[in-house]
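Dumping the structure here so I can ask a few things about it.
Think of it as A, B and C in the order they're written, each chain with its own count starting at 1.
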Amino acid sequence: MSDRTESLVEALLFASGRPVTPAELASALGVRREEALEALRSLRDHLSWRGVRLHEHAGEWQMVSAPEAARAIERLAGLPSPQRLSPAAMETLSVVAYRQPVTRAQVEAVRGVDCSGVLGSLLARGLVEEVGRSEGPGRPILYGTSLEFLRLFGLESLDRLPAFPELDPIGGSRANSSKNG
Amino acid sequence: MTTRQSALGTQYSVKLPAFEGPLDLLLQLVERHSLPITEVSLAQVTDGYLRRVEQLEVQPEEMSYFLVVASRLLLLKSRHLLPRPPVETTDPSAEELAEQLRTYQRFKLAAARLRELEGSTCYTQIAPPPPPEPSNAVVSLPIAALERALRRSLARLDGQLPEGPPVPGLRLRLSDVVALAERLLRRDGRVSLGQLAGPGAGRAETVVAFLAALDLVRRRRARAVQEGLFAPVVLLPTVEGPD
Amino acid sequence: MSDRTESLVEALLFASGRPVTPAELASALGVRREEALEALRSLRDHLSWRGVRLHEHAGEWQMVSAPEAARAIERLAGLPSPQRLSPAAMETLSVVAYRQPVTRAQVEAVRGVDCSGVLGSLLARGLVEEVGRSEGPGRPILYGTSLEFLRLFGLESLDRLPAFPELDPIGGSRANSSKNG
């Protein structure tokens, strides 16, 4: 039972990628705050020899990489990434680049499909970042491209983006808009 | 009846009231009668299939798929109604349709199993992962950080040093530079005197670097090599391990 | 030594936040590719009961949260659950998953309907991707499932797909097969 809470806490810390309080964890898990705190402490002990660690500061907990991996991480970050972006990621990225700042809903309106997964991985890769909140109902998150994005595409600034391609105003399915016509 | 979204350029398949296509309709009819998928069962459900097709309101191009299956069913049924020569065994096209339907049934089953996994999403990090832990834990202070810090401060001190003799009180600790030399030796397998003194070294740094090198050589922790006249002095590890 | 490599690999996967190849890891760590691969496999086994998991697809490895934490993560991050796939999309996806690499014509032969629209939206969502060209006439595009597909269904790799269903040898339709989702 407690093992299960501990593993869920680990998943939450991993996915959130930001410092989280025991109260937030407790509320997401539907457990008492004390139980979340206990799971955090126990997880910290279990991780002490692993590649990821728990870091606590002012009541907030965050998952971080082990300090002894710092050099290797820098080397990995410096390596040219052979991994090409998937077509879905490229499309999403281009919508964010040309329409920024943009909400997820707006991206989805353009692409016509759910984009949470693709957006999440672009965020994780640091190509897209949160740039604020929209004034609209629910104040959804606004996304924009990052410095890393400019670097990846060798652009000095966003002004250097290629001109926005003109589309058929009727929005008919032209050869290039429907994938495999 | 259809939810075709051509305005977005993304065309979703035609959604029919209760089934996804001609094979789906056929499969439902066969299953409703709890029949095994055979030529006979297909002939049996022909009327039901045709009745449903009559009620369909779909785009003409989708309707054609239904009609293709309908015509195959009709052919099948006619063969069952009319007497056949006894030599003729099963009709290959009928067996083909039955096989197609069985394959479709398996994939429909596979889709249902996959559906059960829907929602057990595995997430990647929603925010970019944080940089490596800031090391305020002194025990595991990374060597690289120490080395960088040392170099930075040496460089800074050098920059602030006025011309002339070193500011009284400035002290480079020999033991620090010796430790740096040992780390660099271990990491790179060689270290030059210039490296030890740091960029833009003044007299004090050069002297300390020289003393550190002497100390290492004296304790047989390293051997000093100069590859030519005025070439940089380089420390290399001793051939035997340190004793 | 191997434990150390494993822990460094864990740190690298965490810190990179994107899929990485064994070759990239090896180069960042200064070890042989085989050693990196071995560390990845061993790490995957060690993580199988924890809150984070390793997913592998087409030679790329990625760290993800455990599938059982999906709801809690959505609550913590305020994310909507991913949109459910339509029955047509589910069927098409399962044909691609079990028959990959597969051409559009092959998918259509199984389903008995035109699949260009559904395939297009699966591509747009990044669940299916182009994996090459068939040798056949016209060299049609071959499709396969993506890492994103594994993530959505909580599968560590394609080996973990549920077994392809067998039918009653008599060819009879079993009760549980008539599920019209």
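One rule holds in what follows: a residue touches a chain if its C-beta (ideal position, glycine included) is under 8 Å from a C-beta of that chain, and two chains touch if they have at least 3 such contacts.
Computed from a predicted structure; not experimentally measured.
Q: Could you find the chain whose CA centre sits the greatest distance from that of chain C?
A: A
Q: What chain is most central when centres are computed from CA atoms?
A: B
Q: So how far apart, in whole Å, are chain A and chain B when each is placed at the average of its C-alpha atoms?
A: A distance of 14 Å separates the two centres.
Q: How far is the middle of chain A from the middle of chain C, if each middle is the mean of its Cα atoms, in Å?
A: Comparing mean C-alpha positions, chain C is 19 Å from chain A.
Q: Mind checking the centre-to-centre distance between chain B and chain C? Centres are C-alpha means, answer in whole Å.
A: 10
Q: Among all residues of chain A, which ones touch two or more of the remaining chains?
A: Only 11, 14-17, 63, 65-66, 68-69, 73, 111-113, 117, 121, 124-126, 178 qualify.
Q: Give me the residues of chain B that touch two or more other chains.
A: 10-11, 121, 123-126, 128-129, 131-132
Q: Touching residues of chain C toward chain A in the complex: what are they?
A: Its residues touching chain A are 6-21, 23-25, 27-29, 49-52, 60, 63, 65-66, 68-69, 72-73, 75-77, 79-80, 82-83, 104, 116, 119-121, 123-126, 129-130, 141, 146, 148, 151-152.
Q: Which residues, counting only chain B, touch chain C once they are in their complex?
A: Chain B reaches chain C through residues 10-13, 15, 18-24, 27-28, 30-32, 34-38, 61-62, 65, 69, 98, 100, 102-115, 117-126, 128-129, 131-132.
Q: List the residues on chain B that touch chain A in their complex, please.
A: 5-11, 121, 123-133, 135, 137, 140-142, 144-145
Q: What part of chain A is in contact with chain B in the complex they form?
A: Going by the criterion above, the answer is residues 11, 14-18, 53, 55, 62-71, 73, 111-113, 117, 120-121, 123-126, 129, 171-174, 177-178.
Q: Can you list the residues on chain C that touch chain B in the complex?
A: Touch list, chain C to chain B: 11, 14-18, 53, 55, 62-70, 73, 77, 79, 81-82, 84-88, 90-91, 93-95, 97-98, 109-118, 120-121, 124, 150-155, 161-162, 164-168, 170-173, 176-181.
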